[in-house]
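Below, each structure is written out as structure tokens.
Same chain, two partners: subunit A is paired with subunit B first, then with subunit C.
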Partner chain A sequence: MDRFAEILSGPHLDLLIVGTRVTLYMAVLSYLLAFVMGNVLAAARVSPIPVLQRAAMAYVSVFRNTPLIVLAFLFWYGGGRAGWPFGRLTTAIIVLGLYTGAYIAESLRSGINAVPPGQAEAARAIGLPFTGVVGTIVLPQAIRTVIPPLGNLWIANLKNSSVFLVIGIDELTRAGRRIGHALADYTSAFIVVALIYLALVYGSAQLIKLIERRLEIAR
Partner chain B sequence: MSTVIVEELGPRGLRRARIATVLSLVALAAFVGWLLWRLAAQGQFEGRLWAQFVDFESQWPQFLLSGLWGTVRAAVGAMVIAAVLGLFLALGRLSPTTPVRVVCGVVIDVFRGPPVLLMIFFAYYALPQILPSGLAGAISREPLYALVIGLAAYNTAVLAEIYRAGILSLDRGQSEAAYSVGMTRGLAMRQVILPQALRRMIPAIVAQLATLTKDTALGYIITVSDDLMGRGRRTVQGSPINDLQTWFVVAVIYFILVWALTRLARRLEVQQRQKLGAGAMAVTGEAELDMLEEGAAEASRAEG
Partner chain C sequence: MRMQKKSWRIAATLAAAALVVTACGDDNGDAEGDGDGEGSATEAPEFEEGSTMAAIQESGTLRVGTKADQPLFGIEGPGGWEGFDVEIAKLIAEGIWGEGGADNIEFQEAVSAVREEILQQDQVDLVVATYTINDARKELVGFAGPYYLAGQDIMVAEGNPEGIGGIDDLNGQTVCSVEGSTSIENLREMAPDAEVIALDTYSACAEELSQGNVTAVTTDNVILMGLIHERGEFELVDNAFTDEPYGIGVQLEAEDFRDWVNDRLEEIYDSGEWAEAWESTAGVVAGTPEPPAVDRY
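Moving on to the complex of A and B:
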């Protein structure tokens, strides 16, 4: 117990606080980028334009089937040799956003496709224009079905941010390693870090459930 | 392919679609062209930077590719351990004995909550401080063990949830019928439920294997040297300075491996759906599992 008191005081506590803050900062910004990417890609996937469908499909496939750490190296070290203009943290946020964006695109697409075709047909039959079909009939239903997967992706995104300690980001997992090294007690340090992650994940899950319940419609 | 939103296009729509096709082709070509031009301007296409990867005399391609064996070994090792332990954890999670159920539930949540990288770090840094020196030495000498242990710990919890979802997705009538002919709980589980449930889970398990294979790349951080990433590190450290080329080649190898697994999972899932109808498992990977608490029960209700 002394050990935990030691971790939760003085410079070690500062490391944990900064680490948590950096992790959350990365998670939020990269998720915003991912959300924008996901929308653009999903729109391309459901568009009637084959070129855009193919391009979005290729993007999703590449980013989903390549390890995140390899992507980080490709952009940070590889790009670093070829004029990549961004710093560490910005690079981390961009790479994580591009990665999670591919997953968000898939969730959004399946959400849109899960709306029964009869809904859109009925909307067209009563004469709604394209924007009306999409904006008032399809999307409101699709959004409800994609809230849980989008929430899960927020959590996955938060957890994946740990990978970027490899390009020198001082996030939560790295803080744990530094504290463990300083105290020569990795076990206690990682237990504390794990508890912080669990709190973040659990808190997120509760929040997502709340949003889900708010948006629920009686069927 | 028609989607929900877009109906069959009329003459005007077709014309618009054609214009959009041309415009997006131009935009895409411009982007790719600009990217290639930038890379070329930085000298990234010079032959000497790429020569290593096709020069089979120099052994570099073989050296890099043989790392694939280390990656596959780590992935298969972790998967086998996780598949066995995960099953026990899932059965414990579904146990009628409250303490067993609660403990297994907590274990699953605790192992699945933090990032997999933290599990790998725990195995690499913390375990040697806890374990007797013989085992500790083994991990310190061979970080691959730590990688396998970390991946196995995390994936045991993930697979336990997949198993549980599969078991819960079965119609209640199956277990009721088994009990009514006098089978005990254990016998019904072994003879009736698991054989059906396991078959339903195969697509999800293969999909998780793809995720796990991607995660083996994290071994780089704990200095695993005999896998693809370790070989990549050695290539980068040599001359010429070809970070971009090396990680590109490594990325392509990983992509092929993981893409093949993903595709296999997808195909198995489609087969499964055709065979089972609407009741097929829709769990395709860990991302979908994160809030399974109500999910499994809901899914079987909604889809059944």
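Moving on to the complex of A and C:
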């Protein structure tokens, strides 16, 4: 018990607070990027233009089939050599967003496929252009059906942010390693870190449930 | 009367010894001419019977444990064993058998974790393997030396663009080291205003430095020298701010051997062979230091 009091006070607590803040910051911003990417990619996948379809398909297969840690190294070190202009934290957020974006695109596509084809046909019949059909009729309905998988992806995205400690981001898992090393007690340090992740994930899962219920009524 | 007689005998012995030493020196001079590669030990000395040195000399092999993966200090390359530690071992062998004695060394890899064990189990006679002398280890093995004072140092980009001269200059700079190492703790303590980037390996830190993401990398100078040697695009600040005295490990019981290795170290300090060994190995990336005083604890 003394050990936990030690972890939750003084410089160790500061490390945990800073780490939690960085983790949340990364998770929120990268998820926003992922959501935008996912929508664009899903729209491209169902568009009538073959080039767009193929490009979106290629993107999804590259980002889904590459381990996140490999992408992190590739963008930060490989990109650095090729003139990649962004800083460490920005790079981490972008890579995480691009990665999760591929998964969101696939979720949305399955949601789009679940919207009865009559909906799109009717939209086209009243003269809406492709962007109108997708943007105002299909996607809003698709998103509603995929709220639960999108919630799962938010959780995965939050936890995946820990990978970026390998390129020197001082996020929550890194804080756990520092405290574990300083106290020569990784077990206690990571029990605390795991509880913080649990609180973050559990809290956001409750929020997702709330959103899900709201949108259900609207349907 | 007796007293006088005794001191006369001592004086005579000393005079005889002096003659022998001078004679030896002359012999060498005649035999070798004025060659500048001339070492301090060209002839095999005679060791007291029953001593560790006599046993080794008789056996015809000196078993040495060294690092096989530490560039510039101990590395097993295509051309055999190389590095400063390897050169030191060779000079010790020459002290046992005279010139050519280095051929009698049987090298084996000594990774950090097994250095005490291989001495205790009589698998080696000597360990010369970037081996820091400390009190805990002194309980397990004997240490001759130190023969080199290593320490934590700083590596910067070639030309040292930020003009880093020492640990204090790292305040306000972005500096890379490895999480969980003593080096990173020293950095956080001694340069509290440095922005610390903590990675998992020193080669990742080197990559950060190479890409200009950090100003400096800090850890033991021996590791930094290896990185500089391998990649050739960095330089050492060469202003160590911690002390890691490297010693030569011998078996704990072999006190006569420890004393003799200490004598031999002083001999190669004086003859310049120690400096030569440095210059031909680690000297390619760092200036030649003063040899440290041997500690006969």
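By our rule, the second predicted complex is superposed on the first by the 195 of 219 C-alpha atoms of A that agree within 3 Å, B and C clash if a C-alpha of one lies under 4 Å from a C-alpha of the other, contacts with A are read in each partner's own complex, and residues count from 1 in each chain.
Criterion: a contact is a pair of C-beta atoms (placed from the backbone, for glycine too) under 8 Å apart; a residue touches a chain by one contact, two chains touch by 3 or more.
Bear in mind that the values here come from a model prediction, so they are computed numbers and not experimental data.
In this overlay on subunit A, subunit B fits alongside subunit C without clashing. One geometric descriptor of the composite model is the angle centred on subunit A: between the Cα centres of subunit B and subunit C it reads 70 degrees, in steps of 10.
When the shared chain is aligned, subunit B comes close enough to touch A:134, but subunit C does not.
In the superposed model, A:198 makes contact with subunit B only, not with subunit C. When the two structures are aligned on the shared chain, A:81 is found in touch with subunit B and with subunit C. By the touch criterion stated above, A:146 is placed in contact with neither subunit B nor subunit C. Note on subunit A: of its two partners subunit C and subunit B, the one contacting more of its residues is B. Of the two partner chains placed by the overlay, subunit B and subunit C both lie in contact with A:177. Touch criterion met: A:70 reaches subunit B, while subunit C stays clear of it.
In the superposition on chain A, contact of A:166 is made with both subunit B and subunit C. By the touch criterion defined above, A:93 lies against neither subunit B nor subunit C after alignment on the C-alpha atoms of chain A.
Our summary of the superposed model lists a minimum C-alpha distance of 6 Å between subunit B and subunit C. Shared contact residues of subunit A with subunit B and subunit C: 77, 80-81, 166, 177. Within the complex, the subunit A residues that touch subunit B are 46-53, 55, 61-62, 64-71, 73-74, 77-83, 103, 112-113, 115-117, 119-121, 124, 130, 133-134, 138, 148-149, 151-153, 155-156, 159-163, 165-166, 173, 176-177, 180, 184-187, 190, 193-194, 197-198, 201-202, 205, 208-209.
Every residue of subunit C that touches subunit A in the complex is listed here, in rising order: 176, 179-180, 197-200, 204, 207-208, 211, 213. Chain contact summary for the complex, subunit B toward subunit A: residues 1, 3-7, 9, 13, 17, 20-21, 24-25, 28, 38-39, 41-42, 44, 109-110, 113-118, 121-122, 125-126, 129-130, 210, 214-218, 220-221, 229, 232, 236, 241-248, 250-251, 254-255, 258-259, 262, 286-291, 295. On the subunit A side of its complex with subunit C, the touching residues are 77, 80-81, 88, 166-168, 170, 174, 177-178, 181.
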